[in-house]
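After this come two complexes, each holding chain A, first together with chain B and then together with chain C.
Up next is the complex of A and B:
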């Protein structure tokens, strides 16, 4: 019970801090609309009016997941950097709490905020393209997108650990975000990429997040996708292990002051 | 049983040195070099030293934030390496008075957050946070966002944070740094009250007067080593520091003392005597003045300060 209380303490504090800084939420909820409309407009011109509202919706979901992925990576890196600069990370490490609880709670708070923006984007998109009947699909998509984002949490914990070691949050999170954006089929089908990049995309969890969201709402979700999502959960285990090792074998040897 | 014991702590860091854009080398810096200390329960122990002497590193080792290269330490009877969580439960920590909190949370929310990390349930943590906000004198400011706090308010919140789980031992690393005199005085009063409640406090500060007035025992650390250890009076005696006695002499008669005499601010002669035993020397001086039929204007005794101890130990 005490571990749950500690988990909830971090989760609540992170949520409050996040929601009181409205910028990331507004960015995550608005960016996909503007950019999907841009690509939809360009696509319509290039295809001489062949682009359908469904194509716009696919772009909208792609941009939404891309924005969420970028924001989550950046938020995790900055969680550690801010923690180091403000001394909060030291105080947290000096408290009798399992570091895994801290890492998981703060990351899940980022996922929860991401889902809040996804609800806004998905709700508008589904109503505009499919109608109210598809809102049930959106609900199912939210649940699976939550699970599909957990492996992303794992990668972000590696980003966080590297932030502690290298003391540079932006280059690390931006590099991860760039690779994810280029190889995960957020904006264009992954099949358009060279084989090597397709392989990279399918090895990372981001592709499965966007595919899950699109297919569940559109109604072509298959059982094999579920298997892939659960396989990707290995990233979460990896991230937690790397963070634990980073804290034990680096942070407590070198210190986490900035 | 002592509240804190450390034996032969050693901690080294690797520092990077750059010469040019890319060229560089690594240098090993011994931050703590064989520190051994014992801190008695219910007392303030002052740890002083110049910047980079190893004070904060020692505190971080004792609070389990850093793993020492060698040596061992116990806090409240628990080993800092093998019983780290019990050590963490036993102590409250202030590493910097203006850091450690969520800027977008209120003072009470921040305190409750830490309370829950230390095992309190939510309602108990909020209740305790409200009590502490009153105790440290923040009052209604506990409901304000942390990023609106002044340095003094942040320092008070830091002390409150260290008390959130009512630990028996507190490590306060420069808790009054950067504070105005009134805020610093309030923090010192708080420390004094905490000791009266039976808390053990490890205090570091660059304010030597503060350390001397609060601490039962003081260690001077320099280049990672304990250079001097004892009560403030013991340290002064060990170093042979002298008291300065000043006696103003009134009257018209000739005055023959054998001591150094200079004209004072009021135009009367003032005797200046350096003494190691003022309680013996001062009556002798006063008696000699009286025997010559003269009167005494004032008597001043300048006690050697911890600042002199610090200067003597650190600068040699």
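Up next is the complex of A and C:
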């Protein structure tokens, strides 16, 4: 019970910090519209008006999940970097709270914020392409996207640990974002890629987040997709293990000062 | 040391700082080598999704390659803006003020990393565009291209300084930069204006960033949306204005900081 209270306290503090930053959050939610409309414009010109609104919706959802992935990786890397600069990370690790609880609570706050932007994008997109009848599908999609994002939290815990080791957040989060963006089928079908890149995409959780979102909104979902999402949860376990390893090594032996 | 020699000395010190930082944190180089091939694939397929037959048009592929190069250019500069925020939190910016060193001059050090990022990332992106998608990398107007890169360099250095002063008051600057690195180039010529619907192209040509980005792309590909003379004159004027804006923004920041003394608090 005490662990739950601690978890909620950290979660609440992180959420408050995000709410204070309403401007960037609005920015985050509007970005997928901006980019997808731009590429749709190019597509319309290139295909001489043959680009369909469904193509736009495909990219809208893709850019939305991509924005979520990029900002989550970036936020985690900077969370650790700022913690190192200010000394907060050492206090966090020395506090009588399991560091895993702190890491999980702040990561889940990122997921919750990401979902808020997904709701805005999904709502407008579904309404304009599919109509109000599909809004119920969006609700189902939200639930599964939440679960599908948990493995991404695992990857971000690895990003955080690597930030501590390398002491530079941007190169690490940008690299993860680039690999995820190119191979996960965010804005083009993964089948367009060479086999090797398709394989990379299918071993990472991002592909399943965007695939789940699209298929549920479209009104179909197969049992294998659910199996894949649960298999991907191994990334969360891996992330927690790597984080624990990094925390043990850096908090107890080396120290995480800047 | 005073006057000109002191200024030169400070610049040399900043360049040395940048080189040392880049050499010390090898993650930068490793990241450049890994991330840019993936971004290249991403950019091309985002457009090819609508029309795979685009690959048949040599001119379009060349334009896309150089337009995507502008993303490397702008993105590398924008990340430099967040470095100032971290330094403000570390108390370094306050020390700079005490030492009467301009923040714009201090940014030169971080710009060394930016330039190295552009050199490595840009080269990878262009080479892969040629290898994977058949882009012809011959620069149509080499002299104009050098001039365009120089103008874009000064423009974005000044813009980075302005952005830094704005980001200092934001608690999560990376959130803004993560998104702005796409918005700025792609709303201003990062996607070739010739490929956009005429109204969208006209709208984009109103962006001041367009005049920093399009000269690079156009002089490399030889395909100008606006006559070169008009383009370069406007680009030079806007760069001068951006430089003035960066000086003004820094003055405001210094004044505000001296009054409130809260720069390192976040």
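The working rule: the second predicted complex is superposed on the first by the 255 of 258 C-alpha atoms of A that agree within 3 Å, B and C clash if a C-alpha of one lies under 4 Å from a C-alpha of the other, contacts with A are read in each partner's own complex, and residues count from 1 in each chain.
The definition used in the following text is that a contact is a pair of C-beta atoms (placed from the backbone, for glycine too) under 8 Å apart; a residue touches a chain by one contact, two chains touch by 3 or more.
Treat the numbers as computed from the prediction; the structure is a model and nothing was measured.
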Inset, instruction - Once the structures are superposed on A, label A:178 by its partner contacts, choosing first (chain B), second (chain C), both or neither. - result: second
Inset, instruction - Going by the touch definition up top, name the partner, chain B or chain C, that contacts more of chain A. - result: C
Inset, instruction - Tell me which partner A:17 touches in the superposition: chain B (first), chain C (second), both or neither. - result: both
Inset, instruction - Would you check which partner chain A:34 touches, where first means chain B only, second means chain C only, and both and neither mean what they say? - result: second
Inset, instruction - Would you sort A:192 into first (chain B), second (chain C), both or neither based on which partner it touches? - result: second
Inset, instruction - Kindly classify A:2 by the partners it touches after superposition: chain B alone (first), chain C alone (second), both, or neither? - result: first
Inset, instruction - Report for A:94: first if it touches chain B alone, second if chain C alone, otherwise both or neither. - result: first
Inset, instruction - Give one of first, second, both or neither to describe whether A:86 is in contact with chain B, with chain C, with both, or with none. - result: both
Legend entry - Overlap of the chain B and chain C footprints on chain A, listed as residue numbers: 17, 20-21, 86
Inset, instruction - Give every residue of chain B touching chain A within the complex, in rising order. - result: 13, 60, 63-67, 85-86, 88-89, 93, 95-96, 99-105, 109, 112-114, 116-122, 125, 161
Inset, instruction - Going by the contact rule at the top, pick out the chain C residues touching chain A in the complex. - result: 25, 27-28, 30-32, 34-36, 38-39, 41-42, 45-52, 54, 79, 82, 86, 89-90, 170-172, 174-176, 178-179, 182-183, 186-187, 191, 195-197, 200
Inset, instruction - Under the touch definition given earlier, write down the residues of chain A that touch chain B in their complex. - result: 2, 5-6, 8-10, 12-13, 16-17, 20-21, 86-88, 90-97, 252-256
Legend entry - chain A residues touching chain C - in the complex, by the definition given at the top: 17-18, 20-21, 23-25, 27-28, 31, 34-35, 38-47, 51, 55, 59, 67, 70-71, 74-75, 77-78, 81-82, 85-86, 166-172, 174-175, 177-179, 181-183, 187-189, 192-193, 197, 258
